[in-house]
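One structure follows; several queries about it will come next.
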Amino acid sequence: MNENGVVEAPSVGYVVDVPQHYRLVRKDARREHSIVRLRGGASFGGDELAICAGPCSVESEQQIDAVARAVAAAGANVLRGGAYKPRTSPYSFQGLGADALKMLRDAADVYGLAVVTEVLDPRDVELVASYAEMLQIGTRNMHNVPLLREAGRSRVPVLLKRGRAATIEEWLSAAEYVMLEGNADVVLCERGVRSFDTATRNVLDLAAVPLLRELTHLPAIVDPSHATGMARLVPPMALASIAAGADGFLVEVHPEPARALCDGMQSLDIDQFTAMMSRVGSVATAAGRRMPWRSNVVRGVTAS
Amino acid sequence: MNENGVVEAPSVGYVVDVPQHYRLVRKDARREHSIVRLRGGASFGGDELAICAGPCSVESEQQIDAVARAVAAAGANVLRGGAYKPRTSPYSFQGLGADALKMLRDAADVYGLAVVTEVLDPRDVELVASYAEMLQIGTRNMHNVPLLREAGRSRVPVLLKRGRAATIEEWLSAAEYVMLEGNADVVLCERGVRSFDTATRNVLDLAAVPLLRELTHLPAIVDPSHATGMARLVPPMALASIAAGADGFLVEVHPEPARALCDGMQSLDIDQFTAMMSRVGSVATAAGRRMPWRSNVVRGVTAS
Amino acid sequence: MNENGVVEAPSVGYVVDVPQHYRLVRKDARREHSIVRLRGGASFGGDELAICAGPCSVESEQQIDAVARAVAAAGANVLRGGAYKPRTSPYSFQGLGADALKMLRDAADVYGLAVVTEVLDPRDVELVASYAEMLQIGTRNMHNVPLLREAGRSRVPVLLKRGRAATIEEWLSAAEYVMLEGNADVVLCERGVRSFDTATRNVLDLAAVPLLRELTHLPAIVDPSHATGMARLVPPMALASIAAGADGFLVEVHPEPARALCDGMQSLDIDQFTAMMSRVGSVATAAGRRMPWRSNVVRGVTAS
Amino acid sequence: MNENGVVEAPSVGYVVDVPQHYRLVRKDARREHSIVRLRGGASFGGDELAICAGPCSVESEQQIDAVARAVAAAGANVLRGGAYKPRTSPYSFQGLGADALKMLRDAADVYGLAVVTEVLDPRDVELVASYAEMLQIGTRNMHNVPLLREAGRSRVPVLLKRGRAATIEEWLSAAEYVMLEGNADVVLCERGVRSFDTATRNVLDLAAVPLLRELTHLPAIVDPSHATGMARLVPPMALASIAAGADGFLVEVHPEPARALCDGMQSLDIDQFTAMMSRVGSVATAAGRRMPWRSNVVRGVTAS
């Protein structure tokens, strides 16, 4: 059997073997679609959308505070931000580590947001889980079994990004590793797959969203920032994600994209994010969804 | 230069090196986005959407009449249907040829629809153009220069599908071949690109829609049927296309998909198409578009 | 059934339908591997290798004469050269057309070589066949059914390049179109497939060579020039092709690559080609093959 | 800039913009190509080839002893075998872990072989390094930065497989992470990249071998077993690898492939491996290489 699950039959033709690569994540393993709830109230998979926004990496207290304030005011309910950055080059900025975790926590608490942040090393899972409501496993680590297992043991909700060349079946198998350790709170995040065309950073496989609804009970969101790599393409693809049935999205927002230490070209600035959010509501309504409730009660804070 | 072949400018944004592969199709070659109008009123690129629907291949007068009646009643304004089919295998159904052209014309005339149909051979361009409002150049022929040139000489509007492994730049270069012959009425159609994941037939590169708006003045629509290959994924991806800013879509509809001579698995049946169309309006409104005007006046005909 | 030939079974799993996309090209359709012989003696598929060399495009009588003399002296037995060029951009050099055909014929006759050249338009098949021993159908036209059929009717041997994103099955189906018209003299040419990595022009799928030997009786050669796009990579990949069991190779050679009107960066100069040829013999011996016989009798001509 | 993201210089050749993703691995960082030597004498990068062979996973003492005996007798100098298996599905065999390490060590010692085996978890690096001459970092972990760093700190030679959708530049950047920790003994292993065609498990990008020689001083070998996924394709691709200039290869060998706990379809049996090895010598000679010296002195042991 090759990795495509194809077994050669004796004579002509193929018989595809469908091994039980995943059981717990299958749609028919549950009566209904799962809703993953974070401490503080954000949820993935119900009527309300989950809107996750924040910088590629946490750079300073001021930076993360400014972003948290603005995205909360515009209606986001989850703050994203990188503390440990998995960079292609060892010479690129690798994140502020534990210091960034504390900054994220503080900023999120001020504005009533939950925190999602990436963990790279199985030895850091416990530390990251002590600061964040949700652990992100990034595209480069989708096949990192020791990390998947530690995240499964942590019992903290996990945001599992699709590997950049992972099939849907491989992605669901990775989710199965987390669930098998006893952690059922897994949210899938489509973030684009690798393609021959370099016009965009990746190709956003948006059809994965309705396909996942056929295959699994787990919620699914979309990351149009990493998918496209270009800020101008993020708002139309965020809207399209909701129209396609996604349970939310995750976008990069930075107060000054031109000065960002990573991924500046794909980050929205605060005005662009706010303008985009003003358009999400009507598409959400057309798709039978609601904006997150907390967007109306940002502790009286408004965007600067 | 990053992994996508894009040169990073000192501060913000991209500088894409654009060799002179195309000039006439560039956005800055016109003051505003083009609107391609078909005889009879359908248009691509204005406020009104173009909604093209019909079977993969024309199989009989009854079949095409039934589809035309139904899609017109549900709000489509262009009838699609294959007369000449470019099949991978020589043993697959190759289309009814000139007979199909006549059937398409007749059915379209009864229900007030325009016709778009594929042409494969430069020697058939004149014949096809005598029956159809729009010539389709399919994904397998995007690089077929003699065909592009004949279509350019015909002066009939051309629907140019993206090659299944064509970059956006190659696709625009193909459009340039048509325009260079004097035919400015070119509409681009994203229909998915080839990927390593066989979970769907192709990967719908929906981000191409907003990206094309940055690069060209030509209108662009989406074909979610060929992109996904699965009927259940067509409605969410048609809605997502409109949310992403597409000028319309093209979908396969068949009265009995299970008996279709080609592409049955990806064809909507008439009820599915009608149900989908009832949802398009609210997304169109959210995207600042209108449904085609003629959908309200189908000569008094209603769907069976 | 999607284009990957996968049919969804009612409940779990897949059953792959193997349609009879090809019959005549299958290995078991013949008792032994086919040998395709050109007028003048070159053959593909026997003990002797076929070595095809020449410029991307014919630019002048002097140019093609210089190349023909040199490649014949170094041991090639087939002269390649483009008369009709399928260029991505309409602003790139499109070839000298019928004039180039005559130049190719004349140069080949002087040095005892056969001619292979590409045909793009079904209306040109007869003309090209009157000048060349072998018609090339290029990567952009592998799915061009009218062209495949005309080439099949011509009865001239056909060199069928793999489409740049074609599966092996699709490629064999294209060969079937040619054979179905009565032309059994088809040689397959692997020339690289499209990939996410732009470090080379394409990815040379060399494992296709032994795989084709399992699937078809047709001979297969390799084009390392288009596969890699870089002259320095051509010799090692030509040697590797022979070690993998290819029936020959096709490479680009130009007297002054820096001044070539197309593909200069992937063309060997005459010294590089001659140096490479001096190394082919020992690998051929290790692979159980012989250099073409005529390499010893180039009418007394030696390379300049 | 062409479609490959390469900037065309005015006349001949390429100017590739090399961002400083890697410095230590660059070809020009050393006067000559590196030779990586393992304890016991096997080396990568010199005149002698490195021939690594063994089962996908260590299954029992008897199994690994039988394979070690046979591959040593046939001329291999490095024993491969999986102790920790990174499987797509949590329900697939995950390896025997530390017990397998001991079995590998014992079998290798009896037949005078070095050991290369994969490590998945940064917490296991020290343990694996205490048993093996070489640590393999597999395709799924090429981007696993904590693991790369631990392997770099270990000072044991590292075999770094290419990620299945990694560009050459990303691969070299991963090698840089290892070298930056002070470990210069890195060998690259091309093992195929992901493609749209499922006819083989991956597409072996053999042109990477000569391209790496232009870019880095590090040695490079090829794994034709994982690249093709089909045992019959392994011998021609192993021969082709040597012809292309590889410093060796790594293949899967199992006494009874049909009963292997993993990857049986791509494993050679002992007779197939021995037959293949009898053909390697003449290609090695043609490529200017020698078989490993120890192949002549397997402590008097001959294959059963």
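As written, the chains take the letters A, B, C and D, and residue 1 is the first residue of each chain.
As a working rule, a residue touches a chain if its C-beta (ideal position, glycine included) is under 8 Å from a C-beta of that chain, and two chains touch if they have at least 3 such contacts.
These figures come from a predicted structure and were not determined experimentally.
A.B. asks: By the touch criterion stated at the start, how many steps lie between chain B and chain D on the shortest route?
C.D. replies: 1
A.B. asks: Would you say C-D or B-C is joined by more C-beta pairs in contact?
C.D. replies: C-D
A.B. asks: Taking the mean of the CA coordinates per chain, how far is chain A from chain C in Å?
C.D. replies: Using C-alpha averages as centres, the distance is 46 Å.
A.B. asks: Report the inter-centroid distance (CA atoms only) between chain C and chain D in whole Å.
C.D. replies: For chain C versus chain D, the centre distance works out to 32 Å.
A.B. asks: Among the residues of chain D, which are close enough to touch at least two other chains?
C.D. replies: In chain D, the residues touching two or more other chains are 3-5, 19, 165, 167, 169-170, 194-196, 198, 200, 230.
A.B. asks: If we count contacts the way the header does, which residues on chain D are in touch with chain B in the complex?
C.D. replies: The touching residues are 1-5, 7, 17, 19, 165, 167, 169-170, 194-196, 198.
A.B. asks: Which residues of chain D touch chain A in their complex?
C.D. replies: Interface residues on chain D, with respect to chain A: 5, 19-23, 86-92, 120-123, 140-141, 143-146, 164-165, 169-170, 173, 176-177, 180, 194, 198, 200-202, 229-230, 265-266.
A.B. asks: Name, in rising order, each residue of chain B that touches chain A in their complex.
C.D. replies: So the residues of chain B touching chain A come out as 3-6, 8, 11-14, 165-169, 193-200, 203-211, 214, 224, 227-228, 230, 232-233, 236-237, 239-245, 279, 282-283, 285-287.
A.B. asks: For the complex, give me every residue of chain C touching chain A.
C.D. replies: Against chain A, chain C makes touches at 5-6, 12-18, 165, 194-196, 198.
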